[in-house]
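Alright, structures below, take your time with them.
Next come two complexes built around chain A: one with chain B, the other with chain C.
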Partner chain A sequence: MMKWVLFIPELYYVLFGLVFFILSLSKNASSKRLHGIAMTLAGVGVLVTVFCARQTGMVFFDAYRVDLFSQTFKLLLSLGTFWVISSCNELKGIDERQHPEFYFLISICTLGMMMLVSAVELLTIYVAIELSSYTLFLLVPMRRNADVYAETGIKYFMVGVTASAFMIFGISLIFGMAHTTYVTDILRVLPGVIHEPAAIAGLVLALCGFFFKQALFPFHSWAPDVYQGAANQVTTFIATASKMAAAAMVIRFVGFSGGESEVLVNVLMTLSILSMTFGNLVAIIQKDIKRLLAYSSIAHAGYMLVGILSMSERGFASAIYYALAYLVMNYAVFMVIMKIADDGHNLQIKELAGLHKRSPLLAMTLMMGLFGLAGIPPTVGFTGKFLVFAAALEKGYLALVVIGMVNATISLYYYLIVIKAAYLLEPVRPYPAIRIDAWTRSMSLALVGLSVYLGIFPDKFVALTEAAARSLPY
Partner chain B sequence: MISMEMAHFPILTAILMSTIVGLLVILCIPDDRPKLVKQVSFIFAAIGLVLALWLYQAYDVQKGGLQFAERYLWVKSLGIYWFNGVDGINLPMILLTAVVLFTGVWTMWDLEVRVKEFFALIYLLVAGVYGVFMSMDLFWIFVWYDVSLFPMYPLIAIWGGTRKEYGAMKLTLYLLAGSAFILPGILYLWASAGGVTFDLFELQRIGFSPFVQKVAFVMLYIGFGILAAVWPFHTWSPVGHVAAPTAVSMIHAGVLMKLGAYGILRLGMTLCPEGLVYWADLMALLATIAIVYGALVGLAQTDLKYVIGYSSVSHMGMVGLGLSTMTVNGINGAVFQMFAHGVMTALFFSSVGYIYDRTHTKMIPDLGGLSRTMPVASSFFIIAAFAGIGVPCMASFWAELMVFVAAVKTYPVRGILAVTGLVVSALFMLRVVQKTFYGERNERWAHIPDVPLFLAAPRIILVGIILFFGMFPKLMLDVIQSAVVPFVGNL
Partner chain C sequence: MSFLIGTEAIAHVAFWIVVGLTFGGAVIAVFPRNIIYNVLGLVMALSGVAGLYLYLGSFFIALMQLLIYVGAICISIVFAIMLSRPLHLEVPKRSVPKVAMAAGASAIFFAAVVGVIFKSNWVPAPEQSGDWSVVTIGHLLLTRYDLVFEVISLVLLVAIIGAIVTAGYSRRFSS
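Let's look at the complex of A and B:
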């Protein structure tokens, strides 16, 4: 009976989903009220995950593991969801009749991702990832003028199910090698047979499913179209919360190899380099800011992989830290985008012209977010990159780190273009000043503060991520 | 008694905080009070200068070594320390930074466009510079290094002049490409030492294998060398100087470029002595090319700021040449040259800044005969030019002398080539002085008033420093020597 306590965060999000399922039947709640309810529920959700952060234990016949690693990610997920919902007060990109469904799907998707980070049994993992994927398949085409963006939804779905197919094939190979679907048992068997091609193929194919979610090269092709095609809030959700869960799962699966396989390291290193380089080079020529961020997210998936492929405790810890950093800085940028494009249209870079006059605070938040993404100290993004590269160099991957840093310099170019638009360019026709509510103002300050605080005083959080990495079952 | 008590006061952190607190105070001032912003900036710059002067006189030269050290554990699991301290090498640099910030802020008194943002960014930049100079922890050195670089982008792109956006982007990308080598270099040393400490002195004691030293040294050399305008990575420097507004040029050429040379000395040469021995030959070659090349290209320039930009390339080459000799005299001269050149270029840019603000041109053919219209403003430039040439009684005379004596001894051919470069640079400086300030008077500028006393004051301070250390070089050379002698002994 006591064991159900371990499942409280997930149960809470089931409840969250049910509330909006019921509300979606009534059809007469105003969108403002719906937002209020959703925000309250999501806020309480953060508190729930905070209270459950120290839990440990196993449930559901050992298929479900609650430890510091999973709880940290659940906290990040609930935080990401809360932030996304908090900026939905002007959900203009989505038809008003669909608002209850929007919140319903967001909460269920969060539930799926929370189950994902705790699942330690291959089929449970598969079910969880599909739960989160299918809700996203529905969220992406949910936008006003859906006919224009229908292509996006179909594209996302097609690439998504293909990645799932790869993944289930990989899982079946792992099962074939290890004769079990339990992660703890796999960890006992797989490192011993990791040098056999089938084991490597199984792992890499299984990873494909998560690489798809992370938008790692060569599974990135959906990202620019989906970022552009989905409503701004949905894009934000995909770019923040959904990336967390994928990162967690890549860490877990790479850990299967026991850090013994050179082939796997080489595969991951190649993917990481390709992803960084491709993402950064293509981002340079983008005009639409969401497309630009999509390509930058491809690059960031590469940086994160640098930490993971180090396959050391410090490497995994650095990747967790990077995930946290990415959540903070990416959300900061997206929040500004959502506020500027409050009618829900796709924001072009040139529309940012004169932003520092229209709203100095948003301009500063945008700049700090972008500097974070570019890895400039003293922001959390720098500390994240520093930790990731430090872990890689401990394993002696000097060339990889140099390539990573050169990529960071390339990325600075296009981030500077955006910053230049916000601070230097004069608008062709004067845009009105942006009125921001108290919540946005405090969120802006909080994000900037958090970004600098975590950049300068990383000690406690590094210790936390290292403890989380230690709690992984190997 | 007093100094015993004061030794516990974290003077270095206080100097650093004078900029960070200044920055925060400036940010809190409303946009419509530009005058107040300037006053506040001035006060905090003055506080920094007073603290730096106190530090300079309080440093015990007889004892030498690291003094006023502060060391706290910052990030436990990686071994990062908040570790500040001064020795004979960074003490002159901290003084230089304080002087240039103080005079730079003063020079920008007539700024009218986006005043608050300008001074806030200047303070952020200088916080980074102080941080690099005083930190003895590799992590912090890198953090401060980057902090000092990125404000350059808006500073040039917003308040700059000629081709400002191009110059700003080029400069930023070049310098941050430098950090793409520095960070892996630092982490490589850290990982080779077992991944437990970023403390410079602990790392120094470890004694890395020759291979590690060679690899790390070349990475640090390229990374910091870009900022020190080592040929062939110098092309950002003249373009950036030309585009930047006056105070930014002053801080940039006066202090920021010194960070590069300082980084090579403090990180590269201290931690990788064998790497230095292996690469010294190349260093000397590149430095000589920079001296000669900078002088020759400077000869062909018609824009005053380009002239100074290329002379900076040449002068920074002397710093590099001095370092590469690996002798007491050479390194002494190099560090002294860093100080002397810093003050000198600050004077250069501030005098050109005054002329440019009034005439709106810095093309040499458009000017002419200025010494009759504004004798005081012209005299500042002429003094700076003399300092650049290395006329006796100027601080740079001693610096250049020491570098060349050491260089001719260690690398005879390159040393003599470098001396030739100096002669060429004397030629072009005198030519510029002649064409700009003497000769036919251009009547277009006849109505322009000379520098008022208030704006002349910061320039007079710079002139005073050049002459003071030119006449009493021992006051600084003793300080530098106290650190360089043990350093060379370790090589």
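Let's look at the complex of A and C:
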């Protein structure tokens, strides 16, 4: 009866949201104090998810499954949220009167994504993804000079609603085929009927909702505008935490097919190739660093899909590892952006000029993050790509791996452009000095250390991701 | 016997009227340029859907459909329209290529879905118990669908707060 302890992380984030709901009513909360409260709450949130990491069980009449897979992702989510909130100490991009709402929405979004990774009933999954989408729809236009960026919010909303409509349509087809909304029953029934067109169409359409969140190829069009138009902190949140949840759900839904369907593999392969190639080629010509990272995120969604479409335990494990790697390296890059553009403006690549003199530590963090994204050893990005490609090779998808490698080489070019700007270019005009506090300094060192450590000694984390992939219900 | 056939025929005719209402309403909801007509079309389509629920034997859900969608949601849409841009302003012209592309894309999607539905081998689900009383639905909402039921209220809370925050911007800009 008292299984509610399994629900502690979620309850904690409800509480988190509630605190800021109440704070949003008070008139005289300074943004410094709000940030202090948010950071404490988010930090405790990480601890809570760590303590709950070993829990397993089912709650809410089998609609909610707590296992190592979900808990690993919850840990990543809470970590991503904590990191994002930790770099909000100067939230200049957002009107001060809206800071309580900002933290409220961030915490509820984290809650929605946590529910998403644990939900094993289609209706619950749908409502959870809507919860996290709504909060993001609201966070994106929350920026100073909102009239300039209003278009961004509307575009994000329109693409999101379309994806969500496709998704609910696909879910209805899955329900029509499997006669159940429970994932465990679907996994039993669906592989038997996977050769029916309706089952495949249902799965692909249902995946659309998550592809939208991942910014995979046909649903990528929001990414560059939203990355550019949203406040830097919101972009960081979208680029790190929300990608984790989407990756987890793609893994869960692709698993529905039981690896029996050639058609589904071909569809996913096409999407992955298109996504990688398109993202990397368009990224080359970008001038704004957030737009560049948006296109790079489209490419990375493709790499992650390479591991997932292998549909083996190793493939799923490699995708989880890649998600972790992506969190670390992407956050490293975004943290540098947030620090350099501390007044909240959009950073151009040429503004990075001379960064190694203005702040050697940030320059190094940026470099390690970009090396990771490019997949250069010994960073975590290399190990992630290696594991993903190894899983695909195991299944004999040689052509896919070759295309992936070529793409990684292309991507190296534009990442190096940014590094060149930071290390070799001389600034055309003197830029203001960068102030780094002790927290940023230690975070930089921690991120650099983490990305090298995870890259050289991945065995423990690989073991964790493999155990997580094993705990998936099949 | 002929009496039975008579009622059955009436029921049949009524069914197709309901279907017609749904489709006709959907068409009105999409095509006219005046947004008030669109809302009225939506009211019609949603009432038609309520009628379909009636044919599926769920009186309660049909009533809820009328109450929530027709009664609440459409009225709030009308309010939103009243409070936003004045209607007498000139609407921008529709660009023909865009309309053609939208129509083409929808036609392809529709054809694909119809193809998928006809090509698939649908297995009928085992008969459920026909009990769709309010008591059963209430029990289901507080047991099997408890989590969804609760989370939806959170979604609504977020939507309300979001509406307030976003409307706060526009008021500042207009004044």
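Rule of thumb we're sticking to: the second predicted complex is superposed on the first by the 473 of 474 C-alpha atoms of A that agree within 3 Å, B and C clash if a C-alpha of one lies under 4 Å from a C-alpha of the other, contacts with A are read in each partner's own complex, and residues count from 1 in each chain.
Convention: a contact is a pair of C-beta atoms (placed from the backbone, for glycine too) under 8 Å apart; a residue touches a chain by one contact, two chains touch by 3 or more.
Note that the coordinates shown come from a computational prediction; the quantities given were computed from them, not determined experimentally.
Participant: Mind working out whether A:114 is in touch with chain B, chain C, both or neither, as first, second, both or neither?
Facilitator: A:114 sits against neither chain B nor chain C.
Participant: Of the partners chain B and chain C, which touch A:142 in the superposed model: first, second, both, neither?
Facilitator: Only chain C; A:142 stays clear of chain B.
Participant: In the superposed model, which partner reaches more residues of chain A, chain B or chain C?
Facilitator: Counted on chain A, the partner with more touching residues turns out to be C.
Participant: Go through the superposed model and pick first if A:292 touches only chain B, second if only chain C, both, or neither.
Facilitator: After superposing on A, A:292 lies clear of both chain B and chain C.
Participant: Please work out whether A:134 is in contact with chain B alone, chain C alone, both, or neither, and reply first, second, both or neither.
Facilitator: second
Participant: Once chain A of both complexes is superposed, is A:320 in touch with chain B (first), chain C (second), both, or neither?
Facilitator: The answer is neither, since A:320 touches no partner chain.
Participant: State whether A:309 touches chain B only (first), chain C only (second), both chains, or neither.
Facilitator: Neither partner.
Participant: In the superposed arrangement, which partner chain does A:443 touch: chain B (first), chain C (second), both, or neither?
Facilitator: neither
Participant: Tell me, which parts of chain C touch chain A in their complex?
Facilitator: Touch residues, chain C against chain A: 112-113, 115-117, 119-123, 125-126, 143-148, 151-152, 154-155, 158-159, 161-162, 165-166, 168-169, 173.
Participant: Which positions of chain A touch chain B when the two form their complex?
Facilitator: Result: residues 314, 371, 376-378, 382, 386-387, 389-390, 393-394, 396, 398, 401-402, 405-406, 408-409, 412-413, 416, 419-420, 423-424, 458-459, 462-463, 466 of chain A touch chain B.
Participant: With touch defined as at the start, can you tell me which chain B residues reach chain A in the complex?
Facilitator: 74-78, 139, 142-143, 146-147, 150, 153-154, 157-158, 165, 169, 172-173, 176-177, 179-181, 183-184, 187-188, 190-191, 195, 215, 219
Participant: Using the touch rule from the top, collect the residues of chain A that touch chain C in their complex.
Facilitator: Touch list, chain A to chain C: 14, 21, 24, 60-61, 63-64, 98, 101, 104-105, 108, 111, 115, 119, 121, 123-124, 127-128, 130-131, 134-135, 137-138, 141-142, 146-147, 169, 173, 176-177, 179, 193, 196-199, 201.
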